[in-house]
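Chain IDs A, B and C follow the sequence of writing; residue 1 opens each chain.
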Amino acid sequence: MSTAIEMKGLRYSASREFSIQDLTLKVPAGALYGFLGPNGCGKTTTIRLLLGLLRPHAGTVRLLDRALPAGLPDALARTGVVPDRPHLHRYLTVGDALDFHGAFYPGWDDKWARELLGEFRLLPRQRISKLSKGETAKLMLLLALCQMPELLVLDEPMDGLDPVVRRDVLTALLDYVSRRSATVFVSSHLVHELERFCDWVGVMDRGRLVVELPMEEFRNGNKRIRLARSASVEPSGAPFTLLAREHQAGEVETWAVRGWRPEMAGWFDQRGIAVREVTDLDLEDGFVELLRAFRAQHAGGEVPCSRQ
Amino acid sequence: MSKLTLLACSVLGLPAIVTAQDASAWRDSAYRITAELRVVRDSIAREESGMEEIARRPGLLVSATTKYQPIAAEVLARFDSTRRRWFGEAFPAAEGFRIVLRTGDRWSTRRRGGGEHSLMIIGLPDGEAASRVSPLVRESELRGPEEATRSFLDQFGRMMMGATGAPLQRWIPTGIPLMISDAARREAAMYALVTGDGPAQRDCVTGVLAACGYVLGLRESATPDPGAKYLPLARADLLLTALDLGGPGAWDRLPDAPGASIEAHLAAAAGMPPDSLLARWRNGLLALRPDHGPLDVPTIAILLGWSGLVLIGALGIARWV
Amino acid sequence: MLKAMIRLQWKACWHIVVTLSAAALALPIVSVRTGWRGTGEHLPRFLIELQLWGLFYPAMAAVTAVVLAAAIWASDRRGHHIYALLLPIPRWRYVLLRYLAGLGLLLPVVLALWIGAVIATASLDMPPGLRQFPHSLTAKFALALLLLFGLAFAAAAASRRALGIGFRLLGLFVAVHVAVILLDPGTNLIWRVVSALATWPGPFAPLGGRWMLIDV
């Protein structure tokens, strides 16, 4: 199996104001896929469509090589899920939750579950309704991990957690991935959170997939280029993607670009434009510029251009 | 002070007055009492004259004070229907009858309620010698048409039994239960029949008609120590069974054969020999006896079948996506 | 999985089951004790009172069914069924597991009623002409509870869409009933439907009838 998750032409309308449109997304098997997007862009809706919690109006979904909805139980047997909100039965204790959850998964590792309980500093007799936010998040992750899944789907797992809990969660996650070579699909609106361990990134905005590429490319290919402007130059035909341009005082322009490689400086040379400086765009800045360019294009305009 | 209080005081006060020492004082007291009684009677008459006639049927009319006017017509209709079924055109007296049911002030209470209210059924011609009864009843007995009809039938049944003569009245001292449904009455009579544990009662259940006659208070027992007799309800049920079997005119035949036994009166009403009547009565009650316990095969099948269908439905409608 | 489900539901509902069981235990005992005055002329009245007490058995079954069905599904409904939908079993199988585990919760109530019925009848000296039915009364109660629990369970498990459709159909039926009454005042559709449900072979027919612990 080369693809853990595959969505093609997915459409779903949540309301008049919001819909998922023609979403096509592929998560390679074994990837640590970060699903980025601002709040309200449709990440959770996409995850719910992926897991069969919502029914799309059009398009197909394949999860671990099983077509939904027919193959959903089989796919879920090998998928660990941490949803955006706690979904456990609040009247149970931690121990009860483990016993109940484990009964449904043949691969459940009870020994590891008890070990993780200790590492997460959770007590079996604690009632779920009395757990803090961080403890609940750890419990949900524990339940997902101890199923020994091939795929982990995590919806904003670090949201609202303190740094200590975040570290615990991340450590457990990475530990599992290194042991099992599992595929991880994790959503977040915090770029720096995913940067540290994801090797693939998909960016979503307003119900559409903006871009999907290896994290290395996303991180390294975003550059800020200072140009000496002698004459106005159009970016059409450029080998890179222009995200934004900024006219500054004097003859200087600054371009934010994506997909930059060093040899592309020749393109400016051919047009008689001197490249003064090429600096890395910080991931968060790159993400912001990417979204701005995407929104501008879909509003029917050109690449955003500002003056100083 | 209510009128009945006044009347009661007048009656109770009579001995004290009579102990007055001289004859003229006694005579004056007697005149005073008579005057007071007349005041009470006139007051009652005024009260009745405050009622409005609401509806009429052949031989009957109903009147009511304001409170009971809405239910009066329906009460008359129900009363008439039941009355005709059991008694035909018969009244307690040829001169008719009057039943006035009153609610409101009680003579035993000091607090005044909202005043007295009345509902009255008159059997015409309502002559001077007509049977009359005017009890004070609880508000709940006139709460609605059904309750009010029951109260009227209770009084009417007593009046009719009174008119039959002493033997029949003594035989059923509690009156005829016209105010409960046939099904309820028959079921209670069946319970009385089959749960009797005296020797004669058991013999009656097994079919010895002489024993049935004894336990119903119709015959003497031929055996020593026959045990207890049935409750008056069973006797009333026998009477009503006889009237039912006798069809139209049964009540009119009831007093025939004067001086004869009660059994003969019942047989005359039913239009059949006494033993046949007893056998029909007994068999009719035994037929009401349930032939199985709470659960039988059809009940099991129904409950299991529908439960299965409901489960299938539940699996189908629990579609959360 | 069924064991896990039974444990889960017991955790959620044990206090309700205990309360209902206590009521079920008491019902037959109280119904007999309040009316029994020995044999003889009191028996007809006792039997009539027992018949009235008989109404409490289907009522008890209805209350038990509704309360337990609601309690069973309460947590799932609060969580919008997300936990259930993420489990690796088909939805219908999860519902069936809940149902079967729910039947397990009904057992203590039925058992308590049976014990109460046996105690109530064992304490009496039965005269000739009377029969005792502790076992068949309990069996009837159990079957009625099964049916009523199924109905309550279905309603509690239904999706919002299904409930919405149900309410709309009910509204349509009431509208048709009103229209029919306006055209023909003698026709009462609601009464006809109720009669069909409550008389043989309708599902509620057995809920009427005799619920006599002691009978002739």
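Everything that follows uses one rule, which is that a residue touches a chain if its C-beta (ideal position, glycine included) is under 8 Å from a C-beta of that chain, and two chains touch if they have at least 3 such contacts.
Every value quoted in this text rests on a predicted model; they were computed, and no experiment measured them.
Taking A-B and A-C together, the pair of chains sharing more C-beta contacts is A-C. With centres taken as mean C-alpha coordinates, the chain found closest to the middle of all protein C-alpha atoms is C. Look at where the CA atoms of subunit B average out and do the same for subunit C: the two points lie 39 Å apart.
Measuring from the averaged C-alpha position of subunit A to that of subunit B gives a distance of 86 Å.
Here the CA centre of subunit A is 51 Å from the CA centre of subunit C. Those residues of subunit B in touch with two or more other chains are numbered 321. In subunit C, the residues touching two or more other chains are 85.
Among all residues of subunit A, those that touch two or more other chains are 52-53. Subunit C makes touch with subunit A in their complex at residues 1, 3-5, 7-8, 11-12, 75, 78-79, 82-83, 85-90. Note for the complex: subunit C touches subunit B at residues 39-41, 43-44, 47-48, 80-81, 84-85, 91-92, 95-96, 99, 127-131, 133, 136-137, 139-140, 143-144, 146-147, 150-151, 153-154, 157-159, 161-162, 200-201, 203, 205-206, 209-212, 215-216.
By the touch criterion given at the top, residues 187-192, 194-197, 202, 205, 228, 231, 233, 289-290, 293-295, 298-300, 302-304, 306-307, 310-311, 313-315, 317-321 of subunit B touch subunit C in their complex. Against subunit A, the residues of subunit B that register as touching in their complex are 321. On subunit A, the positions that touch subunit B within their shared complex are 52-55, 69.
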